[in-house]
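Take this structure first; my questions come after.
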Amino acid sequence: MKEKLQAVISGIGLPRLLIGLFLVSLFVIAPFVGVRVDTSINDVIARFAMNAVLVLSLVPMIKSGCGLNFGLQLGVIAGLIGAVTSLELKLIGLAGFLAAMGIAIFFAVIFGWLYGILLNKVKGDEMVVATYVGFSVVSLMCIMWLVLPYKSPDMIWAYGGSGLRTTISVEDYWFHILNDFLKIELGSHIEIPTGALLFFALLAFIIWAFFRTKLGTAMEAVGSNPEYARSCGINVDRVRIVSVIMSTVYAAIGIIVYQQSFGFIQLYNGPLLMSFPAIAAILLGGASVNKVKIWNVVVGAVLFQGILTMTPSVINNIIQSDMSETIRIIVSNGMIVYALTRKMKVRA
Amino acid sequence: MKAMNPVLKALIDYAVPIMFILLVAVAAPLSGLSVEFLANEVMMRLARNSFLILSLLIPVMAGMGMNFGMVLGAMAGEIVLILITDWRIVGIPGILLAMLISTPIAIVFGYFAGVVLNKAKGREMVTGLMLGFFMNGVYQLIVLYGMGKVIPITNKEILLTRGYGIRNAINLEGIRQSLDNLIKLNLFGVQVPVATLLVIAALCLFIIWFRRTKLGQDMRTVGQDMDIARTVGIDVDRTRVVSIVISTVLASYGMIIFLQNMGTLNTYNSHEQIGFFCIAALLVGGASVAKASIPNVFLGVILFHTVFVVSPRAGAQLIGEAQLGEYFRVFITYGVIAFSLALYAWRRKVERENERKKQMMLHRAALQGKGGAGFAQADR
Amino acid sequence: MPEEYLLRMENISKDFYGNRVLQDVNLCVKAGEIVGLVGENGAGKSTLMNILSGGAVIHETGGYSGKIIFDGKERNFTSSFEAMAAGIGMVHQEFVLIPGFTAVENIMLNREIAKPNIAAEVFGDRMNTLDWQAMRRRAVEAVRTLEVNLDLNMLVKEMPVGHRQFTEIAREIDRETTKLLILDEPTAVLAESEAEIVLKVIKKLSQKGIAVLFITHRLQEILDVCDRIVVLRDGRVQKELKPGETNAKEIAEYMVGRKLTDQSSGNTKARSFEGVVLKVEDLWVDMPGEQVNGVSFEVKQGEIFGIGGLTGQGKLGIANGIMGLYPSEGRVIFKGQEIELNNPKGALRNGLAFVSEDRRGIGLLLDQPLSLNIAFTVMQAKDQYVRKLLGGLIKWRDDKAIAKLAWDYIKRLDIKCVSEQQIARELSGGNQQKVCLAKAFAQNPEILFVSEPTRGIDVGAKRLVLDTLRHYNEAYGVTIVITSSELEELRAVCDRIAIVNEGQIAGILPASAEPAEFGLLMLGETELKEGA
Amino acid sequence: MRKLIVRSGLVVILILLGVFLYVIGKEHVLLIDNRDFTHEGVTYQAAASYEVWVDGNQVGRTALAAGRRGAAYVAGPRHKIVVQEVAAGQPVGEPIERRFSVPTGAYQITINIPALVAGAESFVYIVE
């Protein structure tokens, strides 16, 4: 019995179990401290739809052995360029959304390609280099947002100055374009953003299908055993670059999905720390530095967003203080530290 | 494989410092700041930052790279400064007492960091970085929720109005620049905080002395090759933990010196950036992940902070946008770290390959007499 | 008066997981004596030395039986440090040196001389300052004992290989307590002139009263310096010999033994072949630990060609080099066409297939189902088992065809598994090897390289694997190159066998040749030397 | 053993050092009253203006008129106060010098000038 229990625990993974139980207990306590469960569920679903694509974007790089994509910001930047450019072109509705994605993907491919070449040159140190590449690109873009010749009055500072605002509303352009597609309302408090969920499902399906192609199979082999892959005639460096491009493109799409749901484009230092919550979520879902499955993304995003939604409302009602931010920092960064200290498979 | 051109090699080795010297040469005149002002600024920053940056040297020696976990030490220093302020201990005794009390806290933090980093061998830097972010949460828990509730705080001036938790900014009136002003010298219009510099000099001597101890030698051994160190009987894990503990303790002292100069403590932000700035400065001084020396520290502080001082003004002069200079500062901080780390990782790979080729060539040459292939072929 | 032995090992036996590797070994060494230890791979040399020097492996696998009396006391070393403290020094085949340190630092590694200071009172002895002068004096002293010319301030990474070896030996003899020195292949990486100096050093040490246990595969060295030669075979002491009363041939015979004659060549009808299918010219391969230094040979169409030799001599490097897995130079001509080196894909596309000796490392994707393992290489290299969608834009993995392929081989090779979806990691060693073979067969190779096909699998499976190879060769006329450490195995299945020594081919013999002849080749004894 | 003694000795020394630093670094605010003060039935009347120095630093920029209060920040337990009566900007009589110590535990300490001038021992007191 005891052994069985242990097997179950190790199957689910202790951190996941603890966080899961914590989340469940938050839901149980919620009604007693005056927090509505239905609105909470609604929030979790909404935030899941908002963030899941960003989490999903980590998958290709983990699979190809490039580790956790601490340079996620690169894709985010591509997404921001796409979104801002689409707004500049005054494209409204679906056209604007698709234009934003198209432009974002174009830049993401270029960024990803360069980023992939760099990561191939620093094999073994990908994660730390990626972190700082992410930081530097965000800060470089801070300068660019000031300097680039965007003109749309919706985006530049009102008081004459040049440069883009720190937050730009997409209200008049493509706000909730996915969320409102086939939206289902359950009662007065639950709104299911069907479109965004379907979009995530589509992107997840593409990833799933990709790993059933020849190239996807090769990518998985490169990640789990690069020496083996080489001995089978696979160009390891090229496959890794493909994975980095994929991750970057997905991150670019992910941030646009995020914006259409959130309603704002956050520039300047907004994307600086964006990689950490996504990474924490996927780790929480059961992925490790070099192993991941699609369901890790789903479980992780639900758990992580659940914690983020529930802790402020419930905990704050219990102890009358806003500890949510602190808890978020501890959980997300603690999860990443935990994953980094797990033993990695010794490479041949 | 031909040996790399020595000029090119030096150029790559010192790419970062050279870049910064050029940057200073261009931006300093553009900024229009006077030499005297610049000299004063740089001197002040030298005194303020050097101790912190010196704390990074020992883990590099032990092969653990840049100690991004130094923010843990900085947090220890800050926690103690909050206490000292609450207790109203002022002046030099206040600084000394802060150092004294921060020591055990920093040892505990450092031990924790060392143990964690031992579990992440080969990924020390990214783990240290994440550990810093993680501990930032723990720090908030202590300072924002623990202080005034669990840890008694009596001074109403530093508490939030809600009755617990420390305010965003604390005035360190009591110890402000008391070390800097202890012995002050005016050299050609430059204010020199002699006492602070003496403390820094003492730390330099300590590091030089430490390198010559058995422990220092063990750290160098561990840094060069953990497996061999283990084979000859060195307790590798312990040695690594000790190096991080020392670094963390020194970082906590460094933070106290840093803050006594600043005079105010940004309770929740002071430590966040400090790791980045210190590491960037050290790298600007020509250090790498595997090699860092005392001259690197001072060269780095001077170059990095000169650029820091002049870039907003230069930005304003050049494009008419002071904000640009601000962003530029942040960019160079991150950019320098990214560039140095990438350059180092790439060079290590190239060097390993060159070493292999060299060995192969030597091997062939040695076998030549025995009927092996000639040099001509090996030289291709 | 009975002679005093410094070391007496009595009735030493040791098994690893029920596999007996040492059986009642007795070995005695007098002070100042040089004893040579020879034997094939797996004869038990290294296990015996591990027991003597307190290697961790021994203790972790349940210790040994028998008695060791060293320096008058019975001992049972549980760690190398205990052995060191008792006076047993060991120079490993792989250097235990820090490349970025000077000779002095390396000689004194973790035995630095330190001066006490105040800090040490509080923080422990590790805070003592190093006494560089004293350390230097000690190092100078040690090097003087060796009577070699060694620059003590030179970094090890800048030294020639020979000097690194001197540094290692200097470290072992610097310990004043060292009474017995174990040298494991100290000359393996050295050029002849350097090796000679090492031999001189060994003699000098023995004159100073230090006993030396000397392991080498170079028979001439043993004959030159040793006072006594102990031949190990299959975990037993086969023979003790005196250099003056024996010769290389005799040693080789004892080493390889004659037990093969009755069983070998039983399977091997002398076959003859026409036409060269593979021609290797001056191939150099930089494979760590298995360097190949310019080999040339030809393989005939349809034969089974064996490559043998002792471990570390480079036999494994040949196949790995041809398949492009390690950096190589030279020419490989397959069916009149030159194969591009350093490019695995090129070799695979040209119809070469390889079963690696590192089965779990690069032979298998351990966490993938065995069906994918079998089909993977042929899918990647030749685009088979792929369905092209959208005009070839998407190459979809054809899982059905892969499963069919897998079942085909599961039946043909009798792979024991639950289903074709079983993860490779869960299979036994023998079945994993069969999967590796299936992977190679699936490529329909024209020439198949198989390295160490029976390493780490049980006896029944061994037979099966060899029979499979043989059958494959006979049924399809596929040329096979087998690399193996086990001479018996090669002689049982091959037509011709090349023996590799020090990265070069010492000779190629038909499988029916006398075992002792192979033995001599393995030990680098060419006809010429024997005649001299 | 020897090491243990040395170490525990060091720890004790460091703790003592900490206590010592605490005491000498502890900041106090001295409220210097030139006001009427009644103590144990005796009332000291504030009438004149005084210039006051604490540990060599003058309290306030000008003389302390009757009924006024000044403040001085000091660190440590032992201090010296010098009081000089002034009238129309001119010193009157000899300066009075008194040494006093303050308890480490107290932050706010009041010093009454009339009591000090009158030579009362109770010129230093703590208001709860």
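The chains carry the letters A, B, C and D, assigned in the order they are written, with residues numbered from 1 in each.
Throughout what follows, a residue touches a chain if its C-beta (ideal position, glycine included) is under 8 Å from a C-beta of that chain, and two chains touch if they have at least 3 such contacts.
Source: prediction; values computed, not measured.
When every chain is represented by the mean of its C-alpha atoms, the one lying closest to the mean of all protein C-alpha atoms is B. Centroid distances built from C-alpha atoms place D farthest away from chain A.
By number of C-beta pairs in contact, B-D leads when C-D and B-D are compared. Chain C and chain D have Cα centroids lying 85 Å from one another. Centre-to-centre, using mean CA coordinates, chain B is 46 Å away from chain C.
The mean-CA centres of chain A and chain C are about 48 angstrom from one another, to the nearest whole unit.
Of all residues in chain C, none touches 2 or more other chains.
Of all possible chain pairings, those that touch are A-B, A-C, B-C, B-D, C-D. Chain contact summary for the complex, chain B toward chain D: residues 87-94, 96-97, 100-101, 174. Those residues of chain B that touch chain A in the shared complex are 116, 119-120, 122-123, 125-127, 129-131, 133-134, 136-138, 140-141, 144-145, 162, 319, 321, 323-324, 327-328, 330-331, 333-335, 337-338, 341-342, 345-346, 349.
Residues of chain D that touch chain C in their complex: 3, 6-7, 10.
Every residue of chain A that touches chain B in the complex is listed here, in rising order: 70, 118, 121-125, 127-129, 131-133, 135-136, 138-140, 142-143, 146-147, 162-163, 276, 321, 323, 325-330, 333-334, 336-337, 340-341, 343.
On the side of chain C, the complex with chain B involves touching residues 80-81, 96-101, 105, 109-110, 112, 114, 119, 125-130, 132, 160-161, 191-192, 282, 284, 286, 291, 293-294, 327, 329, 503-504.
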